[in-house]
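Look at the two complexes coming up: subunit A is in both, with subunit B in one and subunit C in the other.
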Partner chain A sequence: MVRLSDDLLDALREVINIGVGKAAGTLNELLGHHILLEVPQVVVLGPDEMAAHLCQRPDETVSLVVLQFSGQFSGLSTLMFTSDSASKLVDLLVGEETPVDELDVIKTGTLTEVGNILLNAVMGSIGNLLGSRLSYTIPTYQEGALGQLLQPIIRQESAALEVTTRFTVQSRQITGEFLLLFEVLSFDTFVAALETALQG
Partner chain B sequence: MARILHVDDSSFSRLQIGKVLKGAGHELLQADNGRTGLLAVQEQTPDLIITDILMPEMDGIAFLEALRDQGNRIPVLVVTADVQHDTRSACLSLGAVALLNKPPRDDALLSAVDRALGRGGA
Partner chain C sequence: MEPLSDSLLLLDAVPIGVLVLSEQLLIRCWNRILADWTGVSSEQAVGRPVAELAPQLTTPRYLSRIRPVFAGGPPVLFSPQLHPHLIPCNRPDGAPRIQQTTVTPLSLDGTTHALLAVQDVTDLVLTARESRQLHQQALDEIRRREEAEEALQAGAQRLRAIVENTVEAIIVINQRGVIEEFNPAAERIFGYRALEVIGANVRMLMPEPYRAEHDGYLERYLTGGASHIIGVGREVTGRHKDGGTFPLHLAVGRMALGDGVAFVGVLHDITDQKRLEEHLRALSMRDGLTGIYNRRTFDEALEREWRRALRQGQPLGLVMLDIDFFKRFNDSRGHQAGDACLKAVAQSVASAVYRPADLAARYGGEEFVALLPETGPEEAARIAERIRQGVELLAIPHGASDVAPQVTVSLGTASIRPRADQDAAQLVNLADQALYGAKSNGRNRVVAAPAVPSPGGAVTG
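Presenting the complex of A and B:
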């Protein structure tokens, strides 16, 4: 397992915190409900440990939005909702206006755009803090068993860092998780940018 | 009332922003990427364009470049999820009159629309 110094790990948590805080503010704007944030869990993993670690809940049914980023550092950012939370979120945003025969299309479109907005808030804030310009691909949406969805996007040679942070829409029992995966080589670049930022 | 073209690949954002614009009495045209946006500009001559950035086929940056290369003088307002400073700079340097991050507050969107149309606003 890759080791980071306590100072660097603390800086990493803070950078992620700021990004997720921006996303929470954005979600608050969208929903008009207060968002509770949990302290991010940051786990630095060697590539060979990543797949096993990420698939500890392989049978859980989830909605997953994936936004690929590239630039000075590259990887995948994902936003994950349980199927129950995903349905509640869509109901809250467009519920009463949804014709029954268009439910799936509207659910997919809504969750993809919510994911796009929140993942951009997280990654863009991190890029701004570290002075690193990021490019994105069009976000993709999938739903199904967590293990099946994650396995294809976890490449043994390309994953190095897992950042998980959970947020809750207060009073609505809606919970989501961000997960950031960096490619191994660009993880070193990311750490270097973090060290530079830490030195001020 | 103005004729406003909204270019965004997200049906969710087209619905949300469309409601605000129509509620303020504007006529709404929609396209789902820069390429179809360019066609709509040529065929329907909007007073104002609102565009997203991250879109398939032709993204918002390429759309802004194409409008600039055509010598188009229709004001363009960018509404994007991308919060990066460089994206803001790139859009403004390509002629966008302003950039708002998604989701825009209704009053901020309508003020930006008024300003872009030369009608003042806060």
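Presenting the complex of A and C:
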């Protein structure tokens, strides 16, 4: 697997930061509250690291929005909220207390849309930077134990870009974790495209 | 197989609203479903700016999200929860359709268009909303119950604290008389630890003969429902662990407990109270100044002894006496000396009558009486003489008496063997007349009443 140089990582971090910033602006309008955004952390994970990293809390219940992409490079883009963060978001958006354990249409619809906004912003920024035309599926929503949801995905993928972003709305802290999972060889293509784009 | 050419026909067949927009935001396709929903036909819609039919879509808020689609960006979702009415249209019943809209890129004539797929999810959303409300109601109900439960527990704890700390002894027994509860105050007054008595029959806290009676009380209460003790307090006798007995005040309440009943006894040790009562009773029988019995006690004793004498056919004797020239004594020597004199004479009278049944009392100001059961006229006169000598021997200087230098008394005596047609007042009258005789015959002497003639002429005594 190709390693990302520090320079590339910095550039990637900046691109993602711009994307997340856009998403925050959109969410801002949706929520009607000002959103405070922290600079996202970007980490590259190899297959072993992914497994080790994600299996630290396999039983945690999470909400997962998944967007598949394919083209020059292929993989999955996922956004994950802890059930606590998911509930806070839905509360803010729908204005009702949402039972933490409940998976219902309202929560699904709302969280899928929030995931859609954030994922589109990040993927859009990367796509723009690389000038790559990718095709996407419609995003899907899943909820369950972290291990159960991610385990089957991770096995098939080669590398991941983990982006952790924290935002605070009305003094509530909400944490979302992006995971860009690349298919075998796709990560190398991605890095090559990144190098080309930044040098050009 | 030939690819389908007439894509519009296809779009008209799908059961969702389909809207295709060019990058200039002109309507390129408006399918049958949308025409049905909005009442605007495909012919009317195609070619017009979308702002005329769905103005919301062209506001910056939506446009900023839709724009990237024209550049081939990822699909955009508008959830029914946050954007329910993107395309203004109502259901046949007039309610606005709740919509879920997905925007995906669509290549058409070599340029990228935006395809909006609009699903009517009104039923789904309303059902979800309803179930959410039901769910919330259920949660509220649970919370209310939990709160009530907590309040109950707090109440129970408080009750427990009250039971543990009250000065009243509290004992709970079941319908078989078995002790179930025994609080610290009960431990104190009975001397038992709770562990020693819980499970035992409450009889152990009672001395004989109450012990044997208790089961009967319970039985009667449980079968007949009547009780002399439920609800009202009364005095009972308790038995201490050391075997001693003590007076208790006991009030019993009944409480339904599951399918049985339990009895809650609230008790306090009234030893001190009884002692005080006894003391007060003794005080009320005595004359405040002289300490010997008072007039009321004498009157009661007279009636009692009269009836006894009548029953037993025994004579009842009475001595009445009066201090000679007491008013003069008071005037010349002062009231304090007068009081001291009264006390001394009272003691003298009391010490002259020493049989248990005899009773010496202050009858009035300087008048005293001695009630002498089973005493005939001679014996009564003898006792009177003893009193007279006793007072004389006190040698209290008088200084204003016509008869002696010291304080003296005049005494009248009487004795009657009571009959049913007489009453106790007659005895008092006789003694009083005799006292009058003693005073008019020079004082400092004893005069015995003449014998009372019986109806049949017989002489009593």
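Simple rule for what comes next: the second predicted complex is superposed on the first by the 176 of 200 C-alpha atoms of A that agree within 3 Å, B and C clash if a C-alpha of one lies under 4 Å from a C-alpha of the other, contacts with A are read in each partner's own complex, and residues count from 1 in each chain.
What we mean here is this: a contact is a pair of C-beta atoms (placed from the backbone, for glycine too) under 8 Å apart; a residue touches a chain by one contact, two chains touch by 3 or more.
Computed from a prediction, not measured in an experiment: that's the story for all the values here.
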item	value
Which of subunit B and subunit C A:L185 touches, first, second, both or neither	neither
Contacts of A:V39 with subunit B and subunit C, given as first, second, both or neither	neither
First (subunit B), second (subunit C), both or neither touched by A:L30	both
If touched residues of subunit A are counted for subunit B and for subunit C, the larger one	C
Touching partner for A:V94 - first (subunit B), second (subunit C), both, neither	both
Which of subunit B and subunit C A:F69 touches, first, second, both or neither	second
Touched partner set for A:N120, first subunit B, second subunit C, both or neither	both
Doubly contacted residues of subunit A, that is, touched by subunit B and again by subunit C	26, 29-30, 93-94, 105-106, 109-110, 112-113, 116-117, 120, 124, 127-128, 133-134, 136, 138-139
Parts of subunit B lying in touch with subunit A, wherever the complex brings them together	9-13, 15, 54-56, 80-87, 101-103, 105
For the subunit A and subunit C complex, residues of the former touching the latter	25-26, 29-30, 67, 69, 93-94, 96-97, 99, 102, 104-106, 109-110, 112-113, 116-117, 119-120, 123-124, 127-128, 133-139
Sites on subunit C touched by subunit A in the complex	61, 64-65, 68, 71-82, 100, 102, 104, 121, 124-125, 128-129, 131-132, 135-136, 139
For the subunit A and subunit B complex, residues of the former touching the latter	22, 26, 29-30, 93-94, 105-106, 109-110, 112-114, 116-117, 120-121, 124-125, 127-128, 133-134, 136, 138-139
